[in-house]
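The data blocks that follow each hold one structure.
The same subunit A turns up in both complexes below, where it pairs with subunit B and then with subunit C.
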Partner chain A sequence: MVCTFCASGCDDLQITHDGRRVESARNGCAISVSRFTSTGQSRISKPLVRTKGVLRPVTFGKAIDRTARILSNARYPLLYGWSQTSCEAISKGVELAELVGGLIDNTTTSCHGPTILGVQDVGEATCTLGEVRHSADLVIYWGCNPIHSHPHHTTRFTIFSKGRFRRTRKERKLVVVDVRRTDTAKLADRFIQIQPNGDYELLTALRVAAKGEEIEQDSIAGVPTETVEELAEMMTDCEFGALFFGLGITMTAGKHRNTEAALALVRDLNYLTKFVIIPMRGWFNVTGANEVTTWQTGYPYAVDLTQGYPRFNPGDTSAIDAVTRGEVDAALVVASDPVSHFPGAAVKHLLGIPIVSLEPKMTPTTEASEVVIPSAILGIEASGTIYRIDGVPLEARKVVNPPPGVRSDVEILDAIIKRVKRQGRRR
Partner chain B sequence: MSELLVKNGYVFDPLNGIEGDKLDISVRNGKIVERVSRRARVLNASGMTVMPGGVDIHSHIAGSKANCARMMRPEDHSKDPETKTKHTRCGVGHTIPSVFTTGYRYARMGYTTVFEPATPPLKTRHTHEELNDIPIIDKGCFTLFGNNWFVMEYIKQGRINELAAYVAWMLEATKGYAIKIVNPGGIEAWRWGRNVRRLDDVVPNFDVTPREIVRALCQVNSLLNLPHAVHVHPNGLAEPGNYQTTIDTMECVHDIPTREHPLIHVTHVQFTGRKGWAWPDVRSGAPEIADYVNTHDHVSIDPGQLIFTNVTWMTADGPAMFALFKLTKTKWFNADVESETGAGVVSATYKKGNYVNAIQWGIGLELALLVKDPWKVFLTTDHPNGGPFTAYPRVISWLVSNGARQKLLDKINKTAKRRLNLPGIDREYSLHEIATVTRAATARSLGLSSKGHLGAGADADIAIYNIDAPKLDLSKEYKAVKKAFARAAFTLKGGRVVVKNGEVAQSVQGRTFWTKPEVSAETMGAVTKELESKFDDYYSIRFANYPIEEQYLTASQVISTKGEV
Partner chain C sequence: MSQARSRELGKFSEEYFRSVTVCELDPDDMTELGTMDGENVRVATKFGQVILRATVSKQGPHKGVAFVPYGAWASALFGTSTHTSGMPTLKGLEAIIERAPGSKVPTLQEVTRLKVG
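The block that comes next holds the complex of A and B.
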């Protein structure tokens, strides 16, 4: 079975169940086991619609009616989330956004959006995770802590994995660059503590050092120049290097300039040896959300469809910016919790507009919603395609039935699309 | 029962030997039939040219590298948006259009079948997701085998029957259509930043040569009776002097017995048909290659014609892409796929004044004009490598008109013009030959018996162009030809009018073709067992999660073959 928590896409889970609930998930990490065995907790059992300020149970049809009305009447509806659902559902989402003339954005906007902007500037030298397992003799984790965020990453793909050309831990070196000594750093052959927000500086210095140029300063972002030079030497001398990076690069000062520097560093290293870079994406299908919107609209996130054709201009057409400016006047949230994750100013505006949530469990966003439609949990109660960090597609399969009356995101979105089309015809 | 009569058009149907005769084409329930009843709807094609729907044999329209390119190049899309209409979804162009736009733009040109020529097996689920979403046209994809660990190991061990069973298993698992080889062995060497440039260089760690890989897979192609030839992108892509490797690659399989169709198709030869020792010295190797193709029947080619415009290079040939990136210094994407293959994407611009670009442009046209038999050379631009597929009408205008070519020759780099053979070639294609290289020959090469012709039993995929065939002087009025092929008067897909006056009139779901070779249960059983035992060592996903179920394809069309293994 494929795990649907983080974007590592572990597909070696062995599940036992009683037809209703998952009883155990062997081979899973602690988070995975908890996700699979706690599906019953805080579930929403019936569609809810807010009447007189209170969310009250209604029929599925009524909830769809209300949703269709909200979305059709909105001038600039936002369709947000998508990273914890299937590609099939995301595809329906793009169709709906086109139909109602809205803005479709996924959680990339608040995590690896800068990575994509970096890629659009310099490109990316990457590979599938199996290649790292087979060949990498140098692994660098920069601004990420996979021991906690992607618990099986090190055992399945990097230092503790067994590949064709690298069979033991001794044949690989691990370097961790972070602002604090994380649990991943404790495993490292070399830990480099960097000053907060010093990533751009250090990455650029490494580019300089890798090219054999001299660095004049004594230290770079709190790292002694000798250490920088040593690290650059490790990078140029390895046979196959892999740089993994997380929000420590994308969401610190410099944002897409940081990712650009990282991507350019890895590109430059390929003149001398073989080097790859892989972003540590978070949610299990955030990569899929980028893929689907890209093949359908040309752009990976922040796609504005209000003009009848796709527009992409992050900062203008990105969810947080459009909400903060107060332009969005309704929101459909699928499998995400923006009320918890968005900045205060954006949340303030969100709380004032009608929100429709498609969500299996109660969250702060469902609490603030006008309509809540319970949905099945992907990979446990519904099947669908998801994409791993490295773009490898997998089919997440259904194990148990969802609670009675609960539908998959695809079915719910399909019903909304049909309802909106019918309304359009009547008009 | 729906019936339609396409009346009074000038029909070009090379597979049935019809060359511009004024004929009626009868359609019933999506198929072409001998005759229809009097109640049939009539589509008046008087004064127009009727051809089978176009069949594109090589166009990168779907899959992970196409999507990487889309993601990496927003600047490619922003100037070329497609607004939604009553019948169509919105999208973007230009060199790497989004999926809906891809289907519409092909249909507008009268194309109804297109093959994605390189899918990395591990990511083919992605390719099918995109193919499912491409409207109107029928499609399929070629599975990459040339750098696969299992393939190289079977070859090293000399186990050709097991290799055949493995290929059969893989085609079924990936729902692929044909065997594709890209830079055999070179992409495995790219793991360590190296390449394999010539046919007898050894692949690091695997101790096999590109020659052995190409030969073994051609033998497998025959053993499995696959519908298409082995589709090959040879070693040394884009390097000066690579024309010899291309000829060597064709020659290395000439002794392998084959059935009706050629055994090997060498693709986008414009990129591998270069003479000379270094960039300033690059010349056209087209005459030598054309000479080889003219004298051998086991081979077909396509030129991958260059267009002077902005393009996106994308190929499984990772090392070649990096080498080209070092020249362009634009944006470079690389994506290696474990145990199987790789991919590279680079953005670039072809300029008329650039010596090498001008030579490349000339090589493509020289190949198309010097290969005498139009059944051996097909029209492609290796979309989007040589140029976007939307440039086909322009390429057609160059093929039918020496005047159109000469006009452009006056604008290209002077040294290149002097060194090319093109100025001295005055051959001009007829409409019949255009119909051959754009649909009949490609359909035959792909082994699609229901495509590329208008005989009874064929799919009613029909393109009708505003060309008054007997009256129009193609050579002089090449601009009218270009216009007509850019916007079909009508395109019929499965008997339904999907394009009218160059605009999409309705959208239908096309089918995905794939091949299922039958292999003896014994050999397949042994091979599957072996695969299962090694799979966890080779891949980062489990064996059971690898194959793609048939239900995954929205409209699956399987072609079964009987293997001799």
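The block that comes next holds the complex of A and C.
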């Protein structure tokens, strides 16, 4: 079985179940076990519609009817989330966004959006995680802590994995660059503690050093120049290097300029040796959200379909910006919790517009919604395609039935699309 | 990791509340602040402030750097500007941290109200 928590896509889970509930998830990390065995916790069992200020149970048909009315009557609906559902559901989401003339954005916008902007500018030297496992003799984790966020990444794909050409820990070097000595850093052969917001500076200095040029300063972003030169030497001297980077680069000052510097460093290194760069994507199908949205609209996230053709202009057509400006007048949220995670001014606007949530469990966003439609948990109660960090598609399979009356995101979105088509668009 | 595990129990669970309402501090910074492990602190940025439970970081030393897990409480400290990238700045923010032994960590409902003013 494939795990549907993080985007490492571990496919070695052994599940036991009694037909209704998962009893155990062998080989899973602690997070995976919690996900598979806690499906009953905080569940929403029935569709809910807000009446006189209170969410009350209704039939599925009534919830779909209300949803279709909200989306059809909106001038600028936002369709947001999508990283914890299947590619098939995301495809339906794009169809619905086009139908209602909305803005479709996924959670990339507030995690690795800057990575995508960097890739669009610089390009990306990449490979599959299998190639890293078999060949990488230098692994760098920069601004990420996979021991906590992607617990089996090191054992399945990097330093502790048994590859064809690199079989033991001793045959690989691990470097960690972070502002804190994380639990991943404690495993490293070399830990480089960088000052907050110093990533662009250090990445650029490494490009200089890798080209054999002299660095004039004594230290770069709190790192002695000697250390920078030693790291550059490790990078140029390795046979197969893999740089994994996380939100420590994308969420700090510089954002897409940081990711551009990282991608350019790896591009430079490929003139001297073999080097790849792979972002540590978070949710299990956030990569799939980018893939599907790109197939169907030409753009990976933040796609505005209000004009009848796709527009992509992050900062303008991205969810947090459009909501903060007060332009969005309705929201369909699929498997996400923007009321918790968006900044205050954006949340203030969200709370004043009708929200429809498709979600298995109660969240602050479902609490604030006009309509809540319970959904099946992908990879446990529903099947579908997901994309791993490295762009490899995997099949997440259903093992137990969802609670009675609970449908998959695909079924729910299909019903909404049919209802919107039937009642026609009113603007 | 406890944040991710407890999230599966539900956003309104006690386990989730305890895992995301912390501010991890360097031991030297805690001494300088005069705060103890488990005491409440007020974390303020130019965008907002929130009461959190101070805890000794196990990922130290990182003097001058504090860590707050992603969640409703952390997002009370962010601004909305994305610098035309779509992405607000969620890390590397300057913050003032002070002791707040008499203040209570807000619940999930309370922190949402706090965020919207």
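Assorted remarks:
Going forward, the second predicted complex is superposed on the first by the 424 of 427 C-alpha atoms of A that agree within 3 Å, B and C clash if a C-alpha of one lies under 4 Å from a C-alpha of the other, contacts with A are read in each partner's own complex, and residues count from 1 in each chain.
Everything below uses one rule, namely that contacts are C-beta pairs under 8 Å (C-beta built on N, C-alpha and C of every residue); 3 or more make two chains touch, one makes a residue touch a chain.
Bear in mind the structure is a predicted one, so any value in this text is a computation, not a measurement.
Of the two partner chains placed by superposition, A:421 touches none, neither subunit B nor subunit C.
In the superposition on chain A, A:315 contacts subunit C only, with no contact to subunit B.
By the touch criterion stated above, A:26 is placed in contact with neither subunit B nor subunit C.
In the superposed pair of complexes, A:34 makes contact with subunit C only, with no contact to subunit B. In the superposed model, A:395 lies in contact with subunit B only, and not with subunit C. When both complexes are overlaid on chain A, the residue A:87 reaches subunit B alone and has no touch with subunit C.
Looking at the shared chain after the overlay, A:300 reaches subunit B, while subunit C stays out of its contact range. Subunit C meets subunit A in the complex at residues 1, 4-6, 8-13, 47-48, 57-62, 65, 67, 70-72, 75-76, 78-80, 82-92, 108-109, 112, 115-117. Subunit A makes touch with subunit C in their complex at residues 5, 30-31, 34-35, 38, 41-42, 105, 109-111, 113-114, 117, 145, 147-149, 151, 179-183, 185, 193, 196-197, 247-248, 250-253, 255-256, 301-302, 314-316, 318-321, 324, 337, 339-348, 351, 361-364, 367-368.
Here subunit A touches subunit B in the complex through residues 2, 9, 11-12, 87, 91, 95, 98, 116, 119-131, 133-135, 156-157, 162, 164-165, 239-240, 267, 270-271, 273-274, 276, 290-292, 294-300, 305, 307-312, 385, 387, 391-395, going by the rule given at the top.
Residues 62, 64, 66-68, 70-74, 77-78, 81-84, 89-92, 97-100, 122-123, 125-126, 129-130, 133, 190-193, 205, 322, 325-326, 331-339, 342, 345-346, 537-542, 545, 552 of subunit B are the ones touching subunit A in the complex.
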